[in-house]
Structure formats: C-alpha cells, structure tokens
Amino acid sequence: MDGREKQILRLENVVRDFGGLRAVNHVSLQVEEGEVRGLIGPNGSGKTTLINLITGIYKITEGDIYFGAKRISGLQPDVIASLGIMRTFQVPRVFRDMTVLENMMVPALSQGQTKQEAKTRAEELLEFALLTRLKNEPAKSLSGGQSMLLQIVRVFMNKRLMLYVMDEPFAGVHESIKGIILKTIKAMNQEKGITFLIVSHEMTTISNLCPRVSVLYRGGIISQGTMEEIANDPLVIDAYLGGQ
Amino acid sequence: MGVLYCLMSLGINFIYGIMKVINWAMGEYYMIGSYVLYLLVTFPLGVKYWYVAVLAAAIAVFFLGAFVQVLLIKPMFTGAIGERGEYGTIVTIATAIFIRNLAVVIGGPYIYTPPDYAGPTNIGPLPISGNTLVALMGALILLSLFYYLIKRTWVGRALQGVAQNRIGIQTSGVNILKFDMLAFGIGTALAAAAGALLAPVYLVYPTCGLVSSVRGFEIIVIAGLGSIWGVLVASLALGVVESLGAVFISPSFMDIYGFVLLVIVLSLKPYGLFGKEERIA
Amino acid sequence: MQTFKKYAVLSLLLLISLLLPHFITDYWIYVLTVAFYYAIMAAGWNLLGGYTGQFSLCHSTFALIGAYASALTIVKLGLPLWVGILSGTLLTLVLSLGLGIVCLRVRGIYLALITWAFAEVIRTFIRVAYEFTGGDRGLNSPYLFRSVKPLPYYYLFLGLTVLAIILIAVVMRSRIGFYLRAIRNDEVAARAMGVNTVRWKIFAFMLPSGLAGVTGAFYGHYIGLISPVLGEFNEMAMIIIFVVIGGMRTQAGPILGAISIRYLMEFLREWAEIRIVILSAIVILIMRFFNGGLMEFLRRAGGWVRKKDAVSAYASMGEK
C-alpha cells in the first residue's frame, strides 16, 4: 500500500489499437512522485502514443491509468490538465497569432487565475527563461528552438502542475536553449517537487538528467532501470541495433 | 437527373481530394459552360453539332479553371498565404460572386434559350424530354471518360496518388503543382460540361448555376468528402429520391426531398455515407 | 495615451451618429439603419469565424430564423411583439446549441459544408412550407413602432449596434477571448493547456447566432416584409465580404466594413452588378496579397505617418 501511495502515475496493462495496428501493447509503468524519469525507445515504438493516452488525447483500448489514486483513463484532455498533468509536443505547438505573453497566459487563465495574476506570473517565467525581450512578439515569429522553449515554460504557468510529460524537448534545439530547458527542469523538480516524464532520443542528456529510465520498444516496455543497467540489457541492445 | 448532378459533385469532390479545397464557385463554372454552349450553338455551329459545343465548353472552362487555379489557389501551396483554411473558402466564394455578377454585366440578366437537342421521346412507359435524354447520354459518356482517365491512364493514376498521399507522391518526381492545376481544370470542366449539357433543360442565365451547385454540394454532404464512388451512389440516390418525391408526393416540394435525405443520412453518419473521419492529433 | 485616444475617437463617432439623422434625408437614414443591421451581423460572424476560426456559412440563416419566428409567433399566435422577439431569440439559441454540438467534431472545410447544408435546409423549408410561412412571396412582419418615421428605427439599430460592439469587445478582452483565439490557433494545444474547448466552441457558436437571431427579429419588424432571400448564400457572402474588407479579427473592422461598403453600394446604385464585381475582386486581392483589410491599412498608414514624424524630427535634430 505504501509503495502505491507514492506513485504519481500508474499505467496498468494499457493497450491501444488503431484498427489492426497495436501501438501500445500491455504497458505497465509506475512513476514515483518527484522523479525525473526518462522514456526512451527507437522510432515508432509508441512513445508519443503513450503520451497521448496519458493526457487523454487518445482513448485507451484496454487497461487503466491512475494519477495518484484517481483513475484518469477516459477523461478529456482539458480535465486532465486541470488535475495537474500537462505535456509538451514533439513539434512545438504554440498559438501562432498570439503574442508570447498571451501564449503564456492561456494555461493560467484556464486554471482560474485572474488576468493580472497570469500576466505577472508569465513575466516572471519569461524572465527566468530569458525570453522577456520577445514577450510582445507573435509566437509565429519565434525560431524552432524558441517555440520549444515557450511551449515548455508555458506549462509552468499552471500552479497546480504535478506531473510534466515532455515529448522530445531537446530535438533540434540549440545548445544554449537546451541549457535553459535543463536548468528549468532541475529547478522545478527540486524546488517545487514536480515529477517529470521525459521522452527523448538524446542519450547523454537523459543519462545526466534521469536517474531512472524506461525503455519502450514496439509498444511494450522491455526494460527499466538506471541508464547503465538498461544500456547493458541485451533486450535493449537488440532493439536498437537489431532488425525491427 | 442524378447522373447529371453527379458531374457537378464529382468535380467538387475531385478537386477536394487533390487539394483539400472546396471550390464554392462550381455553380459558376457550370453557368459559364451553359453560356458557351448557347453561344456556340446559336451562332456558328448550329444544333446538329451540339456535342462539339459541349466539348468546346468543357475545354474552354478547363483552361479557365487552370488559369484561376494558378492565380489564386496555387499560392496556398507555395507558401505565400498565411491562413490556408479560410483563404480557400473565402476566395472561392468571392470568385463565385465575381463571376456571377460579371455574367450579368456582360450578358445582361436575361434568360437565353438554346435550341432543343431533340424532341420528346419515351423510355418505356415514362415520357422524357429529348433534351434530358441527350444530356443523360452525354453525362454517361463523360463519366465513363472520366473513369477511364482516372483508372487507366498514367495521368489518372498520378492524380489518385496525389489524392492519397500528397507528400509521398512528390518523392516519385511528380510535379504536384502541375497536377493541382490539371485537377482544378478537370473539375471545373466537368461542371461546365454539365452546364453545357443541361443548357436546353434549365436554360441559360446568370444564376443558372445555383440549382445544380446546390445539388452538387448536397451530394457531397451526403456522400462524404473524398470518395468518388460515394459521389456516384449519392447522386443516383438523390436523383431517385427527387424524382420519386416529385411523382408520388408533390412536384412543388422537389427541392426539399434531397435535403430530407441529407438530414437522415447525416444523423446516422455525420461524415457522410462514405466520408472519412479526420484524425485529431 | 493610446486608450484615451481610442475612447475619444469612439465617443466622437457615437456623437456623430447620434446627431447625424437630423442632417440627412430620410432615405439615407434608412440606408444607415440597414447598414447597422449588417454591421451587427458582420461583427457577430467575425467572432465565430474570425476569432474562433469556426467558418460558419449559416450566420444569416439565424437572422432569417429570428425574423420568421418572431413574425410567425405574433401573426399566428397573436402574442405581443416582445414575445415574438423573445421567441425568435430563444429559437436561434436552441438551434445554434444543437448545431454547435454537431459541429464540435468537424473541422474547417466540413464545418463550412455542414453549416451550408443547414442554411439551405432551413431556407428551403421556409420556401416549401409556403402555406405556413408565405414561402417565396414573403411574410408580413408587424412593424415595431406605430409610426412610419425612420428615426426610432435608426436609434434602435444604433443602440443594438453599440450593444453588440460592447458585448463582443468585453468577451474578446476577457479570458474567453484568450480561449477562443487559442482554439483557432491550435485546438489540440488549447485543450492540452486546460481550455475546455467543447464549452467555448459552443459558446462561440451560440453567442453570435443568438445575436443574429435578435437582430434578425428586429430587422424583420423594421422592413415589414421578410422572405427567404434574407438567408440566401448571397447574404452570407456579403457578410463575409464586409468582414474581410473591413479587417478580419479586428474589433472595428467588420463594423467599419459593413457600414462603409453599404454606404458605397447605395451610392453606386446604378451600377448594380458592377459594384459587386468590384467588391468581390477587392476581396480576392485582399486575401491574396494584403490580408488585413481596412483596419490594417489604417494601422499601417498611421504607422507610416508616425515614422515620417520621427524621421523629420530626427532630421531636424541633425540640423541643429
């Protein structure tokens, strides 16, 4: 019972089918509160699908997902967001015709903060992310890396954020921006106790950032442990090097 | 009748399949086709060569359509336009209004009557006007030509490829912009052919495109976007429903039978009979 | 300073429009009153189609429904005028709720198609049920005011326009405005950021439609004879034209567009079709090249003027 209470996210035998294709195959996963967990796997292994399932964009074919004690499988994405689970997208999805500042304010407003509160908090976060000079620019004028950064800090506007799922936050991002992202993750994790589940291809970054890593291959979890452990796991080696 | 509406909706659906744009001006191309036919038949050619006139109308509008496409639609795909979704709709709507009113400016708000194709005859026990019969045959010929084009020729298969996978097909060296232009031209030519064929039936005047374009879009809604066979089925269904309704219930309500069918179909299958559901994320 | 200037301009415009009828002929008062109707319709459509990105082609249909519902309630049921208007409003709200729910799952092109279908179904129904509605011959809608004078109607529609402007401005400035714009920009991201897209899409549908219904009802009682023409595709296209030329996704654009174009159209009455040819050509040009409409044009002109001032100020500084 004790172990379960510390689990902020629990997937039990989750299956997702798309017609004839089984994208997620009986995945069971537990993430503890306060963890920074990595999720890696070769292309097409179902990582984004899994994120979509957790955040309610896809419905589960079989299985259950729990957020703490609450069953969240089947809830709408905006409800799940209000419960404290938020995510970023592999290709940054920002509100292109709204300014950077306005982009930031959206999750705060939907949470119930006043415009003034949201504005203040947004300006603080933008300061932290070194994006202040862009705050009145339309988001569409941002570079790819800047959009990713905006996407990432935007989520922190949610005061009740507890679990942050990131989909390839470092993909194609300039080193300096990557540094800011890493700094942000570490700060938020240590100061606010926010749990992270990070999907990424960048092995070095993940091994520096995540004490524990889960490996997804062809829709199933094939290994879990520290980066060292899974790097030596024959199943993992096979998955990455062998044929698919 | 259903077969003729089919030409319209085929054109609309075809263009949508290739470019994901609904051309709201299809009725106006129909109207242009009618006018061209009228002009050709009344003056130089005479009724005996009506089929030449129909072909000429179709070909003329083909080029017109291609021209319009290059001018207005192509920029959607070459990055010059910001808001693609609303752009296509607004521009085609504006084009429709433009052409419709231009027709009044040029030709006047009069109704022109092209000469009949043939006298009234009978199919079995049902009387049918010679014009409608001729139009029907013409439509069937065109449809089979279209089928042949799509299924048997290289061009047709390339177009199918574009409809199925716009990005993928470019890797096979297909110049997608040229095919866009081709598709638009074909689509509008189909509408014009319908207009030319039906000119003696519905007569020729600036808003004569409305009746058929309404039917054309009705069929699209019923059949769902993106499916050519669906359009065929739906057009026949519509034609049948309208005729039956006109005969058994009342001819004055003819417009509404199609819509009743539409409402019924939509409540059961919101994407249309053969429509494909859109993926969200 | 900017806000003060804006309110000053608005107050001035309001003052002008309040005093104007005393300086112009009855005919032009009529023109302006009708223009107000279109201004409200344009502003409403801008909220749904412009800001929220839900491209609806049945906006004028709701005005049609409002007008007919109100007229029929009064004529057939003998109920007083305000009940008519209320029923018109309620009916449009209910129908737009239903339609909004149906349209939740459909995107862009499909939405246009389905709203188009709805518009045609309603219009055809009114034409076909002619024993009840008068069909193509039209329906006599009881006049709102006893007198035939144009002034009360002018102020009524002016008042409605001002209310509509305020309502839309308040909504767009509030958090709802953020939600609607986010929905248009990226619905999935909006949901992921906690926006209840279902609720707000339906809201975006119902508010303008209800507004159209009320305005349509009043309009019916103003012009006296209503017919299915009010809900024709042409009407819808004109509304879109007003919004595009005035400036989509701006507060003042649709109003400005509607009023100025209606005024212009009246001016060019003899050129009946040519004026529309020109208008549609302008719309095509704007969409193709400019995409901002009048408001953007004014803004850039203002910016250019300011730049010129700055440049000449700088230059004169150099001379010292």
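As written, the chain order gives the labels A, B and C, with residue 1 at the start of each chain.
Everything that follows uses one rule, which is that a contact is a pair of C-beta atoms (placed from the backbone, for glycine too) under 8 Å apart; a residue touches a chain by one contact, two chains touch by 3 or more.
As the structure is a prediction and not an experimental result, all values here were calculated from the model.
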- Averaging each chain's C-alpha atoms to get its centre, pick out the one most distant from chain B. A
- Message: If you tally contacting C-beta pairs for every chain pair, which pair wins?
- Response: B-C
- Note on the structure: dist(centroid_CA(chain A), centroid_CA(chain B)) in Å evaluates to 48
- Message: Using Cα averages as centroids, what's the distance between chain A and chain C in whole Å?
- Response: 42
- Roughly how many whole angstrom separate the Cα centroids of chain B and chain C? 31
- Sequence positions of chain B contacting 2 or more other chains: 280-281
- Per-residue overlap in chain A, given as positions that touch at least 2 other chains: 57
- Note on the structure: Check: chain C positions touching at least 2 other chains come out as 188
- Touching chain C in the complex: which residues of chain B? 16, 20-22, 72, 75, 80-83, 85-91, 93-98, 101-102, 104-105, 214, 217-218, 220-221, 225, 252-253, 255-256, 259, 262-263, 266, 270-271, 278, 280-281
- Message: Which stretch or stretches of chain C touch chain A in the complex?
- Response: 175, 178-179, 181-182, 184-186, 188-198, 249
- Query: Tell me, which parts of chain A touch chain C in their complex?
  - Reply: 55, 57, 76-78, 81-82, 86-87, 89, 93-98, 102, 105-107, 109-111, 115, 154-155, 158
- Task: Enumerate the contact residues on chain C facing chain B in the complex.
- Result: 49, 53, 55, 102, 105-110, 112-114, 116-117, 120-121, 124-125, 127-128, 188, 234, 237, 240-241, 244, 272-274, 276-277, 279-281, 283-284, 287-288, 291
